[in-house]
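Submitted below is the structure of interest, expressed as structure tokens.
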Amino acid sequence: MINAISYLLSATLRMGTPIAFTALGGMTSERSGVNNIGLEGIMTASAFGAAVGSYLFQNAWMGILFAIIIGIAISAIHSLVCITWGGTQAVSSMALVLLSTGISGVGLKALFNQQGNSPQVPYLPTTTPLENIPVIGPFLAQQSPFVYILFIMLFVVWYLFKHTRLGLRIMTVGENPKAAETAGLSVHRIRYFSVIFSGVMGGLGGAMLSIGGMNMFQEDMVAGRGYLALGAVTMGRWNTWGVFGSAMFFGFFSALQLYLQTIPNNPVPAEFIQMIPYVATVIVLALSASKENVGIASGGQPYTKFVQQR
Amino acid sequence: METKTKKPLFTVDKKKLQETGLSLLITLIALVMALLVGAVVIWAFGSNPIEAYGALWRGAFGTGIAFIVTLGKAVPVMLTGLAVAIAFRCSVFNIGAEGQLLIGAMCAALVGAYVHLPMALHLPLTILASMVGGMLWALVPAALKMKRNVNVVISTIMFNYIAQYLVSYLILGPFKGPGESPATPTIDTTAQLPDLLPKPYVLNLGFVLALVAVVVVYIILNRTSMGYEMRAVGFNPNASRVNGINVKKNMFLALLISGALAGLAGGIEVTGSLDKIVNNFSANYGFNGIPVALMAHNNPFAIIFSALLIGAMRSGSAMMQSSAGISKNMVDVIQGLIIVFLCAEHVIRYYIKRMGGKKND
Amino acid sequence: MSVKYSIQLKNITKRFPGIVANDHITIDVEQGEIHTLAGENGAGKSTLMNIIYGLYQPDEGEILVNEKPVRFSSSKDSIAHKIGMVHQHFMLIPKLTVAENIVVGQEPGSPLKVDRKGAEERIRQLSETYGLKIDPHAKVADLSVTEQQRVEILKILYREAEILIFDEPTAVLTPQEIDEFCDILLGLKASGKTILFISHKMAEVMKISDHITVIRRGKVVGTVRKDETNVDELTRMMVGRDVDLSRKERKHFENQPSLLELKNVSYTVNKTVKKLDGIDLQLKAGEVLGIAGVDGNGQEELVQAICGQIVPDSGQIVFKGQDISRQGIRARKDGGLGLVPEDRHRDGLILEYSVADNLVLGLHYQEPFAHHHAWMDFKQIHTNAQELQKDFDIRCASVDVPAGTLSGGNQQKIIIAREASRNPDVLIAVQPTRGLDIGAMEFVQKTLLEQRDQGKGVLLFSLELDEILSVSDRIAVIFKGKIVDVVDAESVTRQELGRMMLGSGKQG
């Protein structure tokens, strides 16, 4: 029993972390008024980028750096399309997904001459040195450094919105871009920052998949986690802790499904467990969507500056 | 005094023609830009873009057989393109075509394999089952939109994954056919779409069905009061509501029709070429409907051509991979780029207008 | 001592596609004065203010601040020149606190830590100095309209603005609140601020201004000192002619049956704000019933309740003897309610649709335009359009061009033609002449009177007293969601109406 709980707890963290990274980034972008349902694409491309970086330099940390750069590049496209060109955000997001899956496929073939997955690359090992800490040591030792990076980023995002100037400005831009502009803020610049930040976070989320949880990139390894991150943002009510909690909630079901596979005579088919996060997102939306004052006031709306308005 | 001018049903309006020309121009500009940027990507990954595009072209149109394959590949994306477009016209973004297609295909596979009837009944019933299946899969997101105002984009995405896991469960579990690999039993020959051409050409009746669907969607949108309402809602939901149009009902209907079309795409895949459902058979037909619809500016007849284009990419990509050495995933990149540049519509329009304006001065 | 100028506009011109919003406008604003910009709706006042605030760039002309030429490329520049603006629609974020709303953009403390305590302290000081009571810690969502306005004022005072622009600040206020607001402005003036005040309400303009500049159709008509002018002269300057207050000829229909009757209709939003508070109203056949009132006193909700766009909490709406309170929008319209909505672009037309298609919007599913409620008959739609185009003098290249390409007046004619062609028993017209030129305005009013003369009931909502007085037979005055009184249009004066609109009875 204790073993099961310990396994589940550890696996929940492991499975929830990539979702949480991406979701916290998505939350930041959405709070500035730019929705990105293409987080899935950012994760795919950066999972691939991480494998490439790690392979080229034979160093997993370089992999993380690569993943972040790729995340920034993909989200920069989204910013350009949605902020500067005023394109439809949902449509642009779908372009990101196609672009990202395409690029990783093309890259696999061109760089490794392989299809489906990359060769093995260096990965970030779990933090075994922590094993000597009494009581919680063995538990900590099972965790990937990504989990600790997540807690740092969790604090950063929380602090951003709680205390910083930029956080207040992001909220203002998202809720009422006109008010932000009349207060002398640059709506576009703040939105660019927020969307690109979501690229960084999605990059970390993607990197965790290929060089945190595994030691290679596989084509379908993101498997909808980007969309789950999107669900976590909504379910968590655009609140740092809520979003983190929702991501871990989704992580728990992935962990549960893994656990059930290990026990004999598994009573519930794995597919149904895997469905749960998606069903849960829809249910949560159904229970809350018709209420007013939910969500970000200007979310999804491109903003044309006063000066350009006719 | 009054001259009675007979007005033909299709009026050729200069303004309308201009607008159509402009839309076409924008699509072409986006396509060219996408191919150019795509060429840079190909080059950056160490292949020769001219060789790659040449192979893509040969693969898609190089031989009669290849051309017919392209026509066949255009069928599912034509239908998912129509699905996305009709919903779009009513300002519903259906990203769930993929899931609706899966469920539609599943329904067709089950009716095709487990119901036994003469062909005259079996085939229509199987096709109908796929449409009903797709429609039912769109029903929950549509109802949630109508009753609870749930964002369709998110709910349909989630339903894609639910569909994927459901289908995967069904072909592994209750409906697993004979043999090792996870797949449903092969459907009866009475449920299989007849071929249009003799071997070695591969084209089945599905192509005709898709063209019929184009005409039907055109008629619904442009000749019926339902279509008038859907388009009105798409343009201006406020004015529609104030003038007595039920906005929610129209969005609901649009999403159901969209689901049926996506389901039909799945049904034709199963009855036309697959004969059963295997894991991951769809290969993004649903998502490909998005660029197809966008390139056609959601115009049903234009979708025939944009679907052919995407179909050509799908059928030529293998040749591109084998002879130019660039992964066939490159066509996904190009499709993504096409969407990106189509999103620049406002910007492109602005520059075209400015250039046109200068000429007039 | 020579006069110092805070703001000088020299030949400011701003063009939008198809319209010259500001046409060589020249205004000099003295330091420390309250300078009013008066003019009718659509005269170009707001555009001019947005230019001064740096949100629009003028196509021609020059702005001088403190007698030095300036160039603003965004509001950041104007803020730097100590200019502040309170917009017609408040620029506030309901989810954030008063303090956060005020300081955003110029937050105290370091980038890494906004000094919220310090901000609240500073705001408390400011609110004491200027007598603008507010709790800096409150959420803006919980504030009343006047409190929100105070937040807006504090926002610009916090930025140490010396030149304050107010864009129609009294449009959303009740009379008592307007009085308080005028006192606030006078207080600000006393502390040395320069104020640019936009309004077209003569009472308050005469009360607080030093100079008044009148703008009509984008041009300056003239600038006058308050002590050297009077309401009549100003009105004449604004409208461009002596206002024709003579009443249109009326037919009298005695003892006509009541067509539309509202019984004790109430509507509450967010469980607290009573938008409609026990409305009782009767519209008889063959009359124009004008609904007068200050903007935002429940007119919008009243229209929506009658047309079925909102469901009242209580009360009955009886139309031709039948309770229609539970009917949907389409059923009511088909039953004989016509509506000319306030915002023609938002609610009246599908701008992308052709003129012909717009002329059947709402009728599109019925014979003769659609057969079996399904198949559209475009021949009929076209014929219908050509007839209406002729009857209502809709000027367009052809009825197949998109409605969006027509001028405002012609767009309004499409709506009026459509609604009249429904042959309604009751026609509801909401601000039907807003933003129209004189010609189109007279055409619209004539059509309304024609409908009345055919024995129909016309319900006219207007913010323009002149329009109400010259077109209506009876006038109902609405105030805070209640009907204050219903009076005969021939026996009431502007002054009496004005008083009622401020909430007091006819004798007041």
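Letters are used for the chains, namely A, B and C, taken in the order the chains are written, and counting of residues starts over at 1 for each.
The definition used in the following text is that a residue touches a chain if its C-beta (ideal position, glycine included) is under 8 Å from a C-beta of that chain, and two chains touch if they have at least 3 such contacts.
What you see is a predicted model, and the numbers here were worked out from it, not measured in a lab.
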Study note, to complete from the structure: Greatest Cα-centre separation from chain A belongs to chain C
Point to revise | Which of A-C and A-B has more C-beta pairs touching across its chains | key: A-B
**Study point:** chain A and chain C, separation of their C-alpha mean positions in angstrom
**Key:** 46
Study note, to complete from the structure: For the pair chain A and chain B, the C-alpha centroid-to-centroid distance in angstrom is 29
Review point. Can you list the chain A residues in contact with two or more other chains?
Key: none
Study note, to complete from the structure: Going by residue number, chain C touches two or more other chains at none
Study note, to complete from the structure: So, in the complex, the side of chain A touching chain B is made of residues 37, 77, 81-82, 85-88, 90-92, 94-111, 115, 224, 227, 230-231, 234, 269, 271-272, 274-275, 278-279, 281-282, 285-287, 289-290
Review point. Tell me, which parts of chain B touch chain C in their complex?
Key: 7, 9, 11, 13, 15-16, 223-226, 228-229, 231-232, 235-236, 238-246
Check your understanding: Residues of chain A touching chain C in their complex?
Key -> 163-166, 168-169, 171-172, 175-176, 178-186, 293, 297, 306-307, 310
Practice item. Write out the stretch or stretches of chain C touching chain A in their complex. Key: 16-17, 50, 53, 55-57, 73-76, 79, 85, 87, 91-96, 100, 104-107, 109-114, 141, 155
Exercise for review: Would you tell me which residues of chain C are touching chain B in their complex?
Suggested key: 307, 309, 328-330, 333-334, 339, 341, 346-353, 357, 361-362, 364-365, 370, 373-376, 378-379, 382, 398, 400-402
